[in-house]
Amino acid sequence: MSTFVEILKAIGLAVLVFTFLAVVGAMFGVYMERKISGWIQARLGPKHVGPQGLLQTIADTVKLLQKEHITPRRADALIFNSAPIIVAVAGLLDWVVIPFGQVGNRFLVVRDINIGVVYFAAMASLTVIGILAGGWASNNKYALLGGLRAASQMISYEIPLALGILWAAMIAGSLSTVSLVEAQRGGWFIFKVPPLGLLAALTFLVAATAEVNRVPFDLPEAESELVAGYFAEYTGMRFALFQLGEYAEMFAFAALFSVLFLGGWDEPSLSRQWAWVWLVLGAGSLALVALIQFRLRHVLLVRPIFILAVMAAGLSLILFFGVMAGRAQVLPSIVWFFVKMFTLVFFLMWMRWTYPRLRLDQLLSLSWKVLLPLGLLNLLITAFIITVAR
Amino acid sequence: MGEFAAFTILSLLILIPAVVVVTSKNIVRSALSLVPTLLGVTGFYVLLQAEFVAGIQVLIYAGAITVLLLFVIMLTEGGAGLQVRQVNEQIPLGVTAAVWLAFLLLLVFSRTTWPVAQRGNPPAYSALAIGNAFMTDYVLVFEVTSLVLLVSLVGAIIIARREE
Amino acid sequence: MQVGLGHYLVISTLLFCLGLYGVLTRRNAVAILMGIELMLNAGNINLVAFNRYVAPATVSGHVFALVVITLAACEAAIGLALVMSAYRSLETIHVDEINVMKW
Amino acid sequence: MPPKVVLDWLYVGVFAVVGIVLAVVPLIVVWLLAPQMRLPQKELTYESGVIPFGQAWAQFNVRYYLFALVFVVFDVEVIYLYPWAVVFRRLGAFAFYEMLVFLLILMVGLAYAWRKGALEWV
């Protein structure tokens, strides 16, 4: 009987996570992306639907729901229709092992699978099949070329990605995401064995960016040469499902990065005599906020920085007063999880307008000739340092 | 009860797509039907509490080997082969061989008593146990595997690039 | 109803025979390789099932299964390299048309 | 009550099923809401407005295969690193040297592929 209860619980959680992804991942993610892109290009971005255009994506979704589904005559209809579902479901499945925080002794995670990170890598690799199937089934030259490019890019970067995951798993001596975060209580892995932790984190970040097909690695979807890549033929809601899967994957990789290297839901903690650091940081950020508010008010370009500075000022001041008041945990752990995840997503969106797109040969040689040897060497040297050379 | 239900569902998930794999006229559909079969086998591994093998099954079979198969299909015949006859004239032979072998094997299985262990629990953390096994008892297997990988990498590169 | 070793053996037998049927009847070399993958999977189910029911406290079956997966990957890589090579020199990947030993 | 491992993956299975259902629901909504008018022009393959010619299902560069090949080999190598990463701290230096040999052999393979230009996109 208890198994039945567990199944009901699983269904409830699945609906919850799917809704969370659709609302926070896709809808808010798209809004954020458009707003940030707008500012960086000195535009305003969505502005008219709702306050500051916040409801723009909802309007877009309603519009997409009314769009006709067109299946090209020469497409393979069955595969064509199931490909977006594969991508969306693979994006959802990633989230089973992402831990959101901790309440008392309970962890806010769907299931703490023993081999969590292997599971994550496996589910992320399923996306490739959906993309390849979608690109082939369209029977469209752009789509097939985009699908093949996407697949060869994603498989090339899966190895450096796995090496980054392995680096963290090796330090923690565990493959479960929860115990990875627990192992970072004393110090985040990005600062472990300096500067090798930072190197591993960078390898992982580059590979993750490529894995979710974002600029500067977005050539599978390069709108200027391949129209839209593998989803060129997809209309309406099926296109939206591809987008949902992609954003779900992007947020999942941002979350995994924070789990592996930034301590997950762990609060950055300083002891009392170091609390002045928070004050300095907070004051600095406040000064930046004031500068932008009074001097650069009309420069759209600095708005993303403005928002970051407001966040940094708020968080550091709260931390300062919390530490001074002697509280062990100043903010709830789930807040920290979201702060880290959104900062990384913000960073990814920022990168989109900073770097030009790589060429296919550059992209592949970056993976195989730089990241892979670097990752392997990093793994070996770190293993050497923590076992033999100690 | 629950276990038997899960087992039945997984069996169907394995066998029905497997039939599609071996009979479909469309080679891409065959390759894509391989995915549910492989995921069903993953489910079996989970029921047998071989968690790490289950993860690797998804990672390697579904994530790598299927992709490789799809690549080769797209690089060779792709959809062009859709009109071509996919089966040879050996269907009677194939059916006979498969049915006969199945019959024989099932007969053998039904007459054998396996030394099923009554006690002993599977290790709770299979990745740890496998790591220990690889580093101690199976260290030779572990090292030779890397040689096998090296040889197959070199061989496949030589074969695939022959004429350039 | 308890699921025992026999259940797994039956399913793996069926899977193996399906794979065998595919290998014997397909013309396309890639489809033949798919049949072989099915057969290897059937073998793997057996390895893990025997491990679970005969020697549950050890992981030898898991180790063998991992090695088989490795070999399956190598086999796919080499086999498909042969397919690519045949396609480039003979313009076909149908095994019944590849009937010359030297070109 | 099933063991933890089975329960963990039961959740995964339920997630997959619910995910498929939730992904199909909007497609059904679209089917109910959206206008449907099939026109031959609409169902043409998109080729930047030009009348499409030929099949897209044509051959592509062998290079794609070479990368997939190297990928499969290294992906398999990585699965041996996962269990090693879990145990090597307990086993100490010995496990490190074992992995060193394993990785060195594979690095020979990488060097070979590099040398032979299998990692080159020309």
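Letters are used for the chains, namely A, B, C and D, taken in the order the chains are written, and counting of residues starts over at 1 for each.
By definition in this document, a residue touches a chain if its C-beta (ideal position, glycine included) is under 8 Å from a C-beta of that chain, and two chains touch if they have at least 3 such contacts.
Here the structure is a predicted model, which is why all the values come from computation and not from measurement.
Novice: Counting C-beta pairs in contact, which comes out ahead: B-C or C-D?
Specialist: So, comparing the two chain pairs, more contacts are at B-C.
Novice: Suppose each chain is reduced to the average of its Cα coordinates; what separation in Å results between chain C and chain D?
Specialist: 20
Novice: Counting only Cα atoms for the centres, state how far chain B is from chain C in Å.
Specialist: Centre-to-centre distance between chain B and chain C: 6 Å.
Novice: State, to the nearest whole Å, the distance from the C-alpha centre of chain A to the C-alpha centre of chain D.
Specialist: The separation of the two C-alpha centroids amounts to 18 Å.
Novice: Using Cα averages as centroids, what's the distance between chain A and chain C in whole Å?
Specialist: Result: the chain centres lie 36 Å from each other.
Novice: Touching at least two other chains at once: which residues of chain B meet that condition?
Specialist: Correct list: 2-3, 47, 49, 51-52, 56, 59-60, 63-65, 67-68, 71-72, 74-76, 78-79, 124, 126-127, 130, 134, 145, 149, 152-153, 156-157, 160.
Novice: Any chance you could list the residues of chain D touching two or more other chains?
Specialist: Counting only residues that touch two or more other chains, chain D contributes 2, 4-5, 8-10, 55-57, 60, 62, 64-65, 68-73, 75-76, 79-80, 82, 85-88, 95, 103.
Novice: Which residues of chain C are in contact with two or more other chains?
Specialist: In chain C, the residues touching two or more other chains are 66, 69-70, 73-74, 76-77, 80-81, 84, 88.
Novice: Going by the touch definition at the top, which pairs of chains touch each other?
Specialist: A-B, A-D, B-C, B-D, C-D
Novice: Which of the residues in chain A come into contact with chain B in the complex?
Specialist: Touch residues, chain A against chain B: 3, 76, 78-79, 113-115, 118-119, 121-123, 125-126, 128-129, 132-133, 136-137, 139, 144, 148, 151, 155, 158, 175.
Novice: Could you list, by residue number, the parts of chain A that touch chain D in their complex?
Specialist: Touching chain D from chain A are residues 2-3, 6-7, 10-11, 13-15, 17-18, 65-75, 81, 84-85, 88-89, 92-93, 96, 110-115, 118-119, 136, 138-145, 148, 152, 155-156, 158-159, 162-163, 166, 169-170, 173-175, 227, 232-233, 236-238, 240-241, 360-361, 364-365, 368-369, 372-373, 376, 379-380, 383-384, 386-388.
Novice: Chain C touches which residues of chain B in the complex?
Specialist: That would be residues 1, 3-4, 7, 11, 14-15, 18-19, 21-22, 27, 30-31, 34, 37-38, 41, 44-45, 47-50, 52-53, 56-57, 60-61, 64-65, 68-69, 72-73, 75-77, 81, 84-88, 90-91, 93-95, 97-99, 101-102, 105-106, 109-110, 114-117, 120-123, 126, 129-130, 133-134, 137-138, 141, 145, 148-149, 152-153, 155-157, 159-160, 162-163 of chain B.
Novice: Taking the touch rule as given, give the residues of chain C at its contact with chain B in the complex, in rising order.
Specialist: So the residues of chain C in touch with chain B come to 1-11, 13-22, 24-28, 30-31, 33-35, 37-38, 41, 44-45, 48-63, 65-67, 69-74, 76-78, 80-85, 87-89, 93-94, 96.
Novice: Touching chain C in the complex: which residues of chain D?
Specialist: Interface residues on chain D, with respect to chain C: 62, 65, 69, 72-73, 75-76, 79-80.
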